[in-house]
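In what comes next, chain A is part of two complexes: it sits with chain B in the first one and with chain C in the second one.
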Partner chain A sequence: MVKFLRYLQYEVFLLPILIIYTLFTIVPLIRSFELSLTDFNGYSTDYHFVGLKNYIKLFSDDAIVSGISFTLTFALCSTALITVLAIPLAILLDQNFFTKHIHRALFFFPSIPSGLLLAFIWGFILSPVASGVFNTILREVFGLGAQPWLSDPLLAKLSTIIVAVWAQTGWHAVLYLAFLQSIPKDYFEAAAIDGASRLQQIRYITLPLLAPAMTVSVMLLLTGGLKVFEIPFALTKGGPGFETHTITQVIVLRGISETQFGLASAMSVVFFLIVLVIACFQVTMMQKREERIQ
Partner chain B sequence: MRKTGFLLLILIVAVSLALSACGNASNGGKQTGAGDQASGESGKQEKVKLSILAWNNETEMKPVMDGFMKKYPNISFDFQFAPPVKDYIAKLQTMLLSDSAPDIFIIAAENRNEVIDSGHALDLTDYPFMDVMLDSNKPMLSKNGRTYAFTNNGWVGGWFYNKDLFAKAGITKLPTTWDEFVEVCLKLKEAGITPLYDNMQDLTQIHSSLYGNMTLSKDPNFDEKIFSGEKTFADGWLEVFKLWKKDMIDKKIITPDMIGLTGDQIESEFTLGNVAMFFGGPWSIAKLSATPNLNFSMIPVPGPVPGETYYVGAPGVGFAVNSKTKHKEEALKFIEYLSTQEGLELFYQGTGSIMTAKGFEAKVHPSMQQAYEEGLMKGKIYLPMVSWPRHQEALRNQFVIVTQDMAVGKITPEEAVAAIDKKLKEMENK
Partner chain C sequence: MTGSLKRSWILDILMLPVGIVMFFPFYLIIVNTFKSEHEAISRPMSLPGEWVFDNYKQVFEQTPILQSFSNSLILTVCSVLVMVLIGAMAAYPVVFNPNRLNRLVTLYLLAGFMIPFQTTLIPLFQLMTDMQLVNKLYGLILLYLGGAVFVFFLMMGYMRTIPKDLSEAAIIDGCSIWGIFWRIILPLLKPITVTSIIFQAMWIWNDFLAPLLFLSSRSNATLVLEIYKAKGEFTVNWPMFMTMTVITLVPIFIFFILMQKQIVKGIVGGAVKG
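Up next, the complex of A and B:
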C-alpha cells in the first residue's frame, strides 16, 4: 500500500504532460481511426460510415506504393549514411584541439533552422539550370555540363538524401559525443599500456560502448526518416512524377488537395502501424545487440 | 515498474476516451450564438469588427479597407492573410470546420465546390451590387445559377519575352502560328539562348493554350462533356500532348531539367536575361518593370488552328460572406463597397489587379494590352481549374505528374491521358 502511494505521487507529477500528450497525440490518433472508416471530405461534417472501404482502396493506390518505396529508401539510406559519418565525426570532435568548440558549433548548426528553410536554400544551390550554384561550380572548376540535380529520377532521390545527411549528421555526432565523453578514460589508458593501437581502441572500446547511443540515434533517424516531409517537398515537390513523393506527402495530397480525408486517415493509420512495427523491431534488435556486446 | 506502466496506460485510455467523447459532443451540437441576439437589437452605431481572410496581403488590401472605414467609422477590420493557393485553402478549411471562419473570406476556383456545397457561403445572387460583376465572371463562383461570391477583377497571362534576346537571335517577326512559335524557339536555341522555361510544377501553360486552340475552339463545352461522361480526357487532350511532345520535348525546347525549377526561379532567370520567354501575368509586372534595362512585352502561344489564339486567364477570386456570420449586414456593406467606383479604384490601387467590373475603365500595363483586349475581354481565356466543375486539385496534381513523367520519357501521351481519365473515374467513385 505504501509502495502504491509512493507510485501515485509520481503519477501526479506526470499528469500535466500526460494531459497534453493525450490531447495532442492520442486523441487525434483515435479521431483519425474514426475518420478512416468514413467518407469525410474535410469540409462537411455530414459524413457516413463506409467500413473498411478506404483500407481496401489504399492498397491499389499507385502514389502510396511509390511513396512507400521512396520513403523506405530515404529512411534506410539516410540512417546508414548519417550513422557512418556521425561516429567518426564525434570521435574527431572529442579530440582536444584549439577550435574544438567552434567546430562542434559549426557541425551542430544545420540542425537548428527548419528543414523547410534549408531545403529551399539547397533548392537554389542544386537548381538544375546552368546558372544554379552547384552547376556553376561544376562548370567553372571542372568544366562539366549542367546536371539535372532535382529533375532526374535518380539524381533527385540522391540530392534529397544528401541534403538530409548534411542537415542531420552534426546533430547525431553531438549525440554520440555526449556518450563518448561518458566513457571512462581509464579504459583507454589500460588499453594503451597493453599496447593497443588507436584504431584497436576505437574498434574494441569506443564502438562497443557507443552501442546504447547507436540504439537511440538509429531509432530517431529511422522514425524521422519514415516521417520525412519537408526536405523532399521543398526540394522537388515530390517530382519528377511520383519519384520523390513520401508517404506523408501522399497523405497530405489525398487528404487536403483531393479532399479524401477518409482515405488519407486510413493511410495515416496504416503508416502509424508500419512505423510502430519498424521502430519496435529496431529497438529490440539493437538492445539485444547491446547486451551481446557488453 | 510494470504496475506503473499499467497505471499509465489506464490513465491514457481514460483521458483520451473522455476527450474524444467531448470532441464528438461539440461537433454534433448546434451553434447557439448569443451574439446573434446581441447584434440584431442594438443601435446603429454599435462598434463592429469584421474579420476577413484573404490571399491578398494586408498592404494590398489596406487602401480599400481604409476607404471603407472612413465611410463607416463604426466598422473596423480584423484582417488575416494566408498565401495562395494551398496554404490559404488549408487555413480556410480548418477555420470553417472548427466554426471559427471569418465574416468574409475569398472563394477561389480550387475550393469553390467544397465551400459552396457545404453551405458555408451566403447566396449573393439577388443583391443589387451583383449587377456590377461581369456575367462572364459569374460561372466560376456559382452553382445551379446562384452566385456565392463577388469579384471585380480578372487576370490574363501570356508569355513575356525579352526583346533584346529576340533581336540577338535575329527574330524580326513575332510568331502568329504554332509552327512559327516552334521556329522562333529553335532560332533562339541556335543562338545559344534558352528559348523558354515552363513551370512544370504546375499545369503547364502551353498545354492550356493548345487545348483552348485545338479542342475548345471546336467545342466550347468540351470540359462539361468530359465530366458528364460523354467525352474523355483522351478525346480532348491526346492530340495536345502529342503535339507538345513532338515539338517541345523531342526538339529539346523543353528539357527534363526544367522540372526542378520553381516559378520564382524562372522569373529570376528571365530578369537576369538567362531565358528568352516565360509565362507570367499581372503579378510579374512589378518585378519586371523594376529590373533595369529589361525590354519586355507579351505574346500568346498560338496553336495550330489559325485565328483561335487562347490566353491563360480566369476571373479573380471572389469575396464571400460566411453564412454563419454575426455581422451579415456589415459584411454585405463591405462587398457592396467593393463594387462602387471608389471601392474599385482603391482596390486597383492596392492590388494592381486587372479590374473587369461593368462601367469601370481598367488600366493595364502596355505589355499586357493585347492580352487584355484579345484575351480577357473577348473571353478567349482558359484555365482548367476554372473550367473543370469538380476535383480540380486532384486532376491538377495528376496533370503535373503525367507532364513530368512525359518530360523524362517515362510515359507516352497515350498513357498520360489514360492516367488522367483513371483519376477522374476514381474521384467520381470515391
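Up next, the complex of A and C:
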C-alpha cells in the first residue's frame, strides 16, 4: 500500500505535461486526419464524410502544388548550400587569427533575431527599383541593369534561398565548430609527423570526424526548411502568383483564410507524412554513412 | 611561431570581405534610421547627408512598440517558466521511478518531435476558437506549453547523470517524493535549465506564425507581429520601419553580447541533444 502510494506520488508529476500535450498536440493531430476526410467548412455543423476526395483535390490545386514544389526546392537547396558553406567556415573559424571572435559573433548573430525581421531588411536590399541597394551594386560594379529580384519567379525563389543561407550558415558553422574543438589535437600532430599536408588532414581526419555533426545539422536544416514560412512570406508574400508559397502559407490560406478546413487538413496530413519520410530517410542514411566512415 | 603569426594575418584579410557581407544588412538598417524618407530611397547605401533623429521619436509616438514589447516579455517569461517546470517535473518520475508505464509515456511524449505545428494548425485554430482562447495572451501561453516536450527530453538526459543514492538517502531521512523534487533535484538542474530557457525563449520571442493566427488585436500584438503590422503601414516609409527594427534589435543585441557563451553553448547543446 505504501509502495503504491509512493508510486502514485511519482506519477502525479507527469499529469501537467500529459494534459497539455494531449490537448494541444495529439488531439489536434487526430482531428487533422479526421477533418481531412470531410467537407467541413469551419462553420456548418452539418458536414459529411467524403473519403479521399480532398486528397485527390490537392493535386489539382495550383497553390498547393506550387507550395509543395517550392517548399521541397527550398529545403533541399538551402540545406545543401548551407552545409557546403558551413563546414569550410567552421574550419576557418577554428584557426587562430586576430579577429576570429569578431567573425564568430558576426556569423552567429543573424540566427538570434526573428527571420521575419531579417527578411524585411533583405526586402529593402533586393528592392526592384533601379536605386535599390543590390541593383545599385550590380550597376556600379558589374554594369548590369536592374533585376526584378522579388517579382520574377526564378529570381524570387533564388532570393529566398540566399537570405536563408545568409541567416543560417553561421549558426550551423558554430555547431560544426563545437564538434571540431572536441577532436583531440594529437590526431593532427600525428598526421603532420607522418607527412600529411593540411588538406589531407582535413580530408582524412576532420571531415570523417564531423560526420555525426553533419547528421544533426542536415536533419535540423531539412526539417526546418520544410517548415519554412517567415522568410518567403516577408520577402515576397508568396508571390509572384503562388511561386514562392510555402506549404505552411498554403495551409493558412486554404484553411484559415478560406475556411476550406477539409482540404487544408488533407494538406496538413500530407505535410506530416513528407516530413516524417524525409527525416527518417535522412537520419537512417546518414547514420549508416557515419558507421561506414568511422 | 612566426609562421603561425603570418598565417593568422592572411586569414584576417581573407575573412574581411566575408565579414563585411555578413554585417552589411545591419549597417544598412542603422544608417537609414538617420535619413529622411526620400534620401533612404534615393541613396540607400551612403551615410546620411543630413542627420535626422526624428524617426526614433516618431516610432515611440506612432506605434505601440512599448506595449508590444511588454506583451512579448509576458508571453515569453510565462510560457518558458511553466514549460521548464512541467518539463522538469515530467522527467522526474521517468528517471527516478522507472517502470513500464513511464517508458510508454516517454515514447508517447517523444512522438511529439515528429509532429510539425503546421499539421495540427487547423484543428488547433478550431479548438482555440471553441475555448475562447483566441486573442488572449494566456491562450497563446497555453498553446506554447506544448513545447515542454522538448524541455522534458533535455531534462531527462541531464537527470540521468544525477546519482540515484541522493534521492534514496533523502527518502530514508524522511523527505517526501514531492520534497525531494523541489529541494534536491530542481536545484541540481541549473545548467540544463539555462539551456532550456535560452532555447525556448528565443523560439517564443521570435515566433511569428502563432501570434499571427491567434492574436488579432493590436493591443495584444507581440513585437514581431507589431513589426509585421507596421511594415504594412509604413510600406514606403523605410526609415520609420528600420528605426523600429533597430529598436527591436538593440535589446536582442545586448542579450546576445551578455550571454554569448551561454547562448552558443545552449543552442548548440540543445540542438545536439535534440
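Here is the rule we go by: the second predicted complex is superposed on the first by the 255 of 294 C-alpha atoms of A that agree within 3 Å, B and C clash if a C-alpha of one lies under 4 Å from a C-alpha of the other, contacts with A are read in each partner's own complex, and residues count from 1 in each chain.
Simple rule for what comes next: contacts are C-beta pairs under 8 Å (C-beta built on N, C-alpha and C of every residue); 3 or more make two chains touch, one makes a residue touch a chain.
Everything numeric in this text was worked out from a predicted model, so none of it was measured.
Colleague: Does chain B (first) or chain C (second) touch A:A146, or do both, or does neither?
Modeller: In the superposition, A:A146 touches chain B alone.
Colleague: Given the superposition on chain A, which partner contacts more residues in chain A: chain B or chain C?
Modeller: Of the two chains, more chain A residues are contacted by C.
Colleague: By the touch definition at the top of the document, which applies to A:P128: first (chain B), second (chain C), both, or neither?
Modeller: first
Colleague: Regarding the shared-chain residue A:F229, is it in contact with chain B (first), chain C (second), both, or neither?
Modeller: Touch status of A:F229: second partner only.
Colleague: Looking at the overlay, does A:S257 come into contact with chain B only (first), chain C only (second), both, or neither?
Modeller: It touches chain B, and chain C stays clear.
Colleague: I'd like to know which partner A:L92 touches here: chain B for first, chain C for second, both or neither.
Modeller: So A:L92 only meets chain C here.
Colleague: Is A:S114 touching the first partner chain B, the second partner chain C, both, or neither of them?
Modeller: Once the two structures are laid over each other on A, A:S114 reaches chain C alone.
Colleague: On the A-aligned overlay, A:L175 touches which partner chain: chain B = first, chain C = second, or both, or neither?
Modeller: Touch partner of A:L175: chain C, not chain B.
Colleague: What is the contact status of A:G241 with respect to chain B (first) and chain C (second): first, second, both, or neither?
Modeller: The answer is first: A:G241 touches chain B but not chain C.
Colleague: For A:D39, select first, second, both or neither according to whether it touches chain B, chain C, the two together, or no partner.
Modeller: Once the two structures are laid over each other on A, A:D39 reaches chain B alone.
Colleague: Where on chain A do the contacts from chain B and from chain C line up?
Modeller: On chain A, the overlap between the chain B and chain C contacts is residues 7, 10-11, 14, 18, 21, 23, 27, 31, 42, 124, 129, 131, 256.
Colleague: Which residues, counting only chain A, touch chain C once they are in their complex?
Modeller: 6-7, 9-11, 13-14, 16-18, 20-21, 23-25, 27-29, 31-32, 35, 42, 92, 95-100, 102-103, 105-118, 120-122, 124-125, 129, 131-133, 136, 166, 170-171, 174-175, 178, 213, 216, 220, 223, 226-227, 229-230, 234, 247-248, 251-252, 255-256, 261, 264-265, 268-269, 271-272, 275-276, 279
Colleague: So in the complex, the part of chain B that touches chain A is made up of which residues?
Modeller: Those in contact with chain A are residues 3-4, 7-8, 11-12, 15-16, 19-20, 23, 27, 86, 89-90, 93, 96-97, 114-115, 117-118, 120, 194, 197, 200-201, 255-262, 265, 269, 272, 274, 391, 393-394, 397, 400-402, 404-405, 407-408, 410, 427, 430.
Colleague: Within their complex, state which residues of chain C touch chain A.
Modeller: Going through chain C, the ones touching chain A are 4, 7-9, 11-12, 15-16, 18-19, 21-23, 25-26, 28-29, 32, 41-45, 86-87, 89-90, 92-94, 96-97, 99, 101-102, 105, 109, 112, 114-127, 142-143, 145-146, 148-149, 152, 176-178, 181, 202, 205-209, 213, 224, 227-228, 231, 238, 241-242, 245, 248-249, 252-253, 255-256, 260, 263-264, 267-268, 271-272.
Colleague: Could you please specify the touching residues of chain A with respect to chain B in the complex?
Modeller: Of all residues in chain A, those touching chain B are 4, 7, 10-11, 14, 18-19, 21-23, 26-27, 30-31, 34, 39, 41-45, 123-124, 126-131, 146, 148-153, 156, 236-237, 239-242, 253, 256-260, 263.
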